[in-house]
Amino acid sequence: MLQLSGVFPPVPTAFDADGNLALDQYQENIRRLCDAGVDGVVLLGSNGEYVYLSDEEKLAVIKAGLEAVPDGKLRLVGTGCESTRATVRLSEQAAQLGADAVMVVHPNYYKPLMTRPVLLEHYRTVAKASPAPVVLYSVPKFTGFDLPVDVAAELSQEPNIIGIKDSAGNVIQLQEFLQKCRPGFNVLVGTGSAFLAALSVGVTGGVLALADVAPRECVALYRLCQQGDWANARELQARLLPVNQAVGGYMGIPGVKAGMELVGLYGGAPRLPLLPLPEKDRTALRNILTAAQLL
Amino acid sequence: MLQLSGVFPPVPTAFDADGNLALDQYQENIRRLCDAGVDGVVLLGSNGEYVYLSDEEKLAVIKAGLEAVPDGKLRLVGTGCESTRATVRLSEQAAQLGADAVMVVHPNYYKPLMTRPVLLEHYRTVAKASPAPVVLYSVPKFTGFDLPVDVAAELSQEPNIIGIKDSAGNVIQLQEFLQKCRPGFNVLVGTGSAFLAALSVGVTGGVLALADVAPRECVALYRLCQQGDWANARELQARLLPVNQAVGGYMGIPGVKAGMELVGLYGGAPRLPLLPLPEKDRTALRNILTAAQLL
Amino acid sequence: MLQLSGVFPPVPTAFDADGNLALDQYQENIRRLCDAGVDGVVLLGSNGEYVYLSDEEKLAVIKAGLEAVPDGKLRLVGTGCESTRATVRLSEQAAQLGADAVMVVHPNYYKPLMTRPVLLEHYRTVAKASPAPVVLYSVPKFTGFDLPVDVAAELSQEPNIIGIKDSAGNVIQLQEFLQKCRPGFNVLVGTGSAFLAALSVGVTGGVLALADVAPRECVALYRLCQQGDWANARELQARLLPVNQAVGGYMGIPGVKAGMELVGLYGGAPRLPLLPLPEKDRTALRNILTAAQLL
Amino acid sequence: MLQLSGVFPPVPTAFDADGNLALDQYQENIRRLCDAGVDGVVLLGSNGEYVYLSDEEKLAVIKAGLEAVPDGKLRLVGTGCESTRATVRLSEQAAQLGADAVMVVHPNYYKPLMTRPVLLEHYRTVAKASPAPVVLYSVPKFTGFDLPVDVAAELSQEPNIIGIKDSAGNVIQLQEFLQKCRPGFNVLVGTGSAFLAALSVGVTGGVLALADVAPRECVALYRLCQQGDWANARELQARLLPVNQAVGGYMGIPGVKAGMELVGLYGGAPRLPLLPLPEKDRTALRNILTAAQLL
C-alpha cells in the first residue's frame, strides 16, 4: 500500500490578471516547492480553487501540474465532485494522467442527505472504478460537516482506499481515525497549526497550506519530530503558528496567494467571487512573515 | 419589475434507471404541474439536483423544461455556480433559452471567505451581465449559512435584482427582508411548512417542494390567504405539514421523487450519491399522503 | 385545564443602583403593565434575570410580584433550576405563594447529557410534586438546545403539564408542538417578532419581552388577529418588529430595561455581569421607539 | 506566581442513595487520588455537579474536600456562578477555607450578552475581590461558547489571574493561549483525550476526568512527556483514549462515577436530573477499562 508521509503542499491554481489559467507559473511553483524538499504535492485541493474550474480546466491543470512534479515526489490529485459519476470520471482521468493517488472530498451540498449509506456507497463506487488509490478528504469548514469516524473506519477496509486527509484540526478525531481504521491506513492532517500536535499522536504527514508559503520550515518541523527533538519542534511550530493562522485561516486562499508572492513564488489573484487580499491585510501578512523569519 | 407571486414548484430533474436524463418525463411533469394551477416553475433549483449535472446536461434540462411550460406561467431557472464566470455564462444561456428570471444561489463552498464584499461583488457582476432579472437564493441547510439580510438589502437597490427566495423557514428573517429591501422587492419563501406563516407577514409567494407533490393544495392555500380566510388556510396548512416535513424535510429529494410517483407523476431515482427512498420510508410516505387526503 | 391565551410580559426584576432588589418599583411595573391590558405576567422568566438571584431573593420577588398582580390576571412564575430537587422546592414555594402555574425551563448546563430519559424523568418528577400546573419552557438562545418536540409531546400526556412556551421563534416547530401534543395543550410563543406568524398557525398567546415596553400594542396585535383583521395586524407587527429586534434581540435585557425607562416605567440597571445599555445604544433605542410611535 | 503543572482530577461530588452529600466517601476518594500521585485536585468543577448544589452544600463540599487534601498537593476550587456577586462571595469563602486558587467558569446563560466588556468586567471584579488567585475556565460543550482568546489574553495581564483551564480539546486554541497570554500564564487542558497533544505544544498540565478513573496512568503519561519519551507516551495515550472517550465524553458524569466504582473508588449515582449509567453502558465500560488494563 502506498505510504503517505511527510509534507505535501496543496498547490494553489495559478491565474493571470484576467482570471485565466496561468499554467507556466503553476508549473514553476510546483518545481520550486519540490526543490524545497517537500515529499509530494496535492493538485486541485481546496486551496486549488477546484470548485471554480470547468471540467476542461481541471484536466489542463492536472496535466500541466503532474508534468512539473520531479521524479521521486508523490502526486496527489483532488477529484471529488458532487455526483458519483463525475467523481469516477475525473478520478479515471487523473489516474491516466499519472496521479499516484486521488484525494476525494465527500459530496456535501445536500448536507442532511449525506447519510452513512450514501457516503459508503459513493466512496465504494469511486474506489472500485478508480485506477489510482483513493484518499478520503474531510474539510468541515468548507463542507459543513465531518466525514464520520465510523464511515472512514469502514471504508478503510476497502483495498483501494488507502488513507484520509482530515483538515478539522481536531487531534482527538485524528487519534480516532488512527485507532479505528485498519493498521497502516494513512492519516494526514490538513492544518499547519496542528501539525506538531498531530505528529505527536502518530499522524504521518500533512497537507498544509502553510507549506505553500514555508515549505522548508514545514519539512524541518516534520524532521525534528521524526528525530524526537520535540523541544525544537515546539519552538518552530510556535514560530509558524501566526503564519498559518493567517494564510491557512482567516485570510484563506487570497492570503496563501499573497504569502506565496511575498516569499518569491507566483501568487496572482484568486478567481471571482474570491477577491485579492486587501492592501491592509497584505501589509499585516508581510509583518507576520517577517516576524516568523520567512522574509 | 417582474412580480413573483403565488406558487412555484421547484421541478426535480428526471432521470431514467441508468441515471441519465429523462427529458420526456421531465416535460410531462412540468405540463401537469402547470395544469394543476401553479403560477410558474423553477428549473434547476436545489430539488433539481443541479449540482449533479454537467454543463451540457444543464442546458438540455433548461431547453426541454422551458419548452414544456405553457404560456402565462413564469419560468425561473437556477443558474448559481461557485465561480462568478460560470454563473454569468449559465445565466446568459438560460436567458437566451427563454428564462423569465434566473435564481442564483450564492457561492458557498469557501464559507469563511464569503464575506460581504465578496457576495456583493459576485451578485453585482452577475446582475450586470445577465439579460434576465436575478432572484437571490438563500438555502442554509445546504449552503451552511444564510445570505445576510443587509447584503440582500443592499443588492435590492440593483435594478436587475428583483427578489429573493429564502428557504430558511425563519419568519423573522423574512420580515426583515420585507422591511429592509426596496419596496416591491419580491420575497419568496422556500419551505412549504412555513407557507401560511410567511404569507401572514406579507410574503407574496413560495417555491415549494411541497408543490411538486401537492400542487393543487398549495395553490388553494395561497388563495385562502389572499381571500383572508385564515381559519381554513390554517386547517389546510396543518393537513399539509406532515407531508412537507417528509418530502421537504427529512426525506429530501428521494422523498419528493417518491411522493411524485405516488401521486401519479414521474418520480424515478435521484442521481448517485443520492439513493432512492428505502422501501420502509416509501410505505411511511404513502401513509402520510393518505392521511393528508392526497391519495 | 388552565387556558393560557393572550399577552404575557416576562417582567424584568428591578434592581436599585447598588444591584439590590427594588421591589416597590417592581410592583409598580407589574401594576402598570396589567393596567395596560395584558392577560397576566411571568415572574422570574429569562428576562427576570432569575439566574442572578439567590434563593431568598427569588422568594422575595415572587411574593412581592404576585401581590401586585390584580385579580383576573394570570400569574406565571419561572421555577426552573438545574437540579430536579431545587426545581421541585421552588415550584412548591411558588404555588404556595399563589402562582397559577409554574414555567420550568429544562436543565441545560450539561448539554450532551440532557437526553430524552433525563428530560422526561425531570419534568415528570417536577409535575408530580408541583401543586401548580407546569408549563414547559424552551429558549435555545440561552440554553443551547431546543426541548425536542417528541419529548414535549410525550410530556403533554401528563395531567399536570399544561403547556409550553417556545422562544425559538421557529413557526414550523410551533406547528409541530400544536400537532403532536395532546389537544388543548397550550402553546405560547416567546418572541415578539414572530407573534403574528405564530398566531396565524394557531398559537394562542405570547410571553413577549416586547410587551414589557409596548404592552398596549401587543394586546392590540393579539386582538386584531382574533378578529381576523390580518391586514392591520400585519401593519402593526411590521411597526413593532424593529422594537423587538432591539429589546427582544441584540440589546437583550439591558435593552428591555432601557426601553421600559424610555416609555415611563422603572428600568434600572441589570445585575452584573450584565452591563447597562451603552449611551449610544440608548440613543438608537429612543429613535427606534419614536419611529414605532411608542414615544 | 503559583505554578500549575501536572495532573489534577476534577473530583466528582459524592452523593448517597438519597441524593444527599456523602462527604466521607468524597474525602476518601480525594485521599486515594492524591495517594496515586496526582499533583492536586479540583473541587466543584463541572464534574463536581456544582450546578446541582445549594450554597450551603457548596461550602460543606469545599470544607470537607480541602481537609482531605494532603499537604503538598494543590487545592483548586470551582467558584464560578452566573452573577458576579455570587462568584465573588463564593471565591472569598473558598479562599478562607484554604483554596490555593479558584477556578471560575465564565457566566454563560445569557450567551448573546456575554460580550467582551461583560466578560472583562466580570473577571476583573472577581479577581480584585478574591483573596485566592483566579484561573479562567472555558468548557464550551457545557457553556455553549469558548472564552475568546483575546479576552483571556487581556485578562492574563491582571496580577491575580494566573491561568486558564480550557476543556475545548482544541490544540490550536491552546497554542494561541500560550502565545497571546503573558509569559508564565498557566494553560491547562481539560480533556484527557488531548493530553499528550496538549503537552506536545507546551501546555503544562491537565484537569482530567480521566484522572478520576486512571490517576496513575495520567501521571505516568505526564512524566513520559516530561522525559521526552514520546514513543511510550503515544502508546499510553492510545491505550487511554477509549477510556476517556467514554468517561470524559459520551457517558459523562454518570460514566465517571461508574468508572470510579469499577476501579475501587466510591462512585454512587449523580444527582437528578442526571441518571445513573444504564446497566448496558456499565458493561461496556467494564470492557473498555479491561482492554485498557485498568481492571
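First chain written, first letter: the chains are A, B, C and D, and each begins at residue 1.
Please note the rule applied: a residue touches a chain if its C-beta (ideal position, glycine included) is under 8 Å from a C-beta of that chain, and two chains touch if they have at least 3 such contacts.
What you see is a predicted model, and the numbers here were worked out from it, not measured in a lab.
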Taking all residue numbers at the chain B to chain C contact, is the shared part over half or under half, that is, same or different?
same
Name the chain whose C-alpha centroid is most distant from the C-alpha centroid of chain D.
B
With contacts defined as at the top, give the pair, A-D or C-D, that has more of them.
C-D
Cα-centroid distance, chain B relative to chain D, in whole angstrom:
50
Here the gap between chain C and chain D, centre to centre from mean Cα coordinates and rounded to Å, is 35
Which positions in chain D are in touch with at least two other chains?
none
Once bound in the complex, which stretches of chain C touch chain B?
169-172, 175-176, 178-179, 191, 193-194, 196-198, 200-202, 228, 230-231, 234, 237-238, 241-242, 245
Contacts from chain B onto chain A in the complex sit at residues 19, 46, 51-55, 82-86, 107, 109-114, 117-119, 121-122, 125, 141-142, 144, 250, 252-254, 271-275
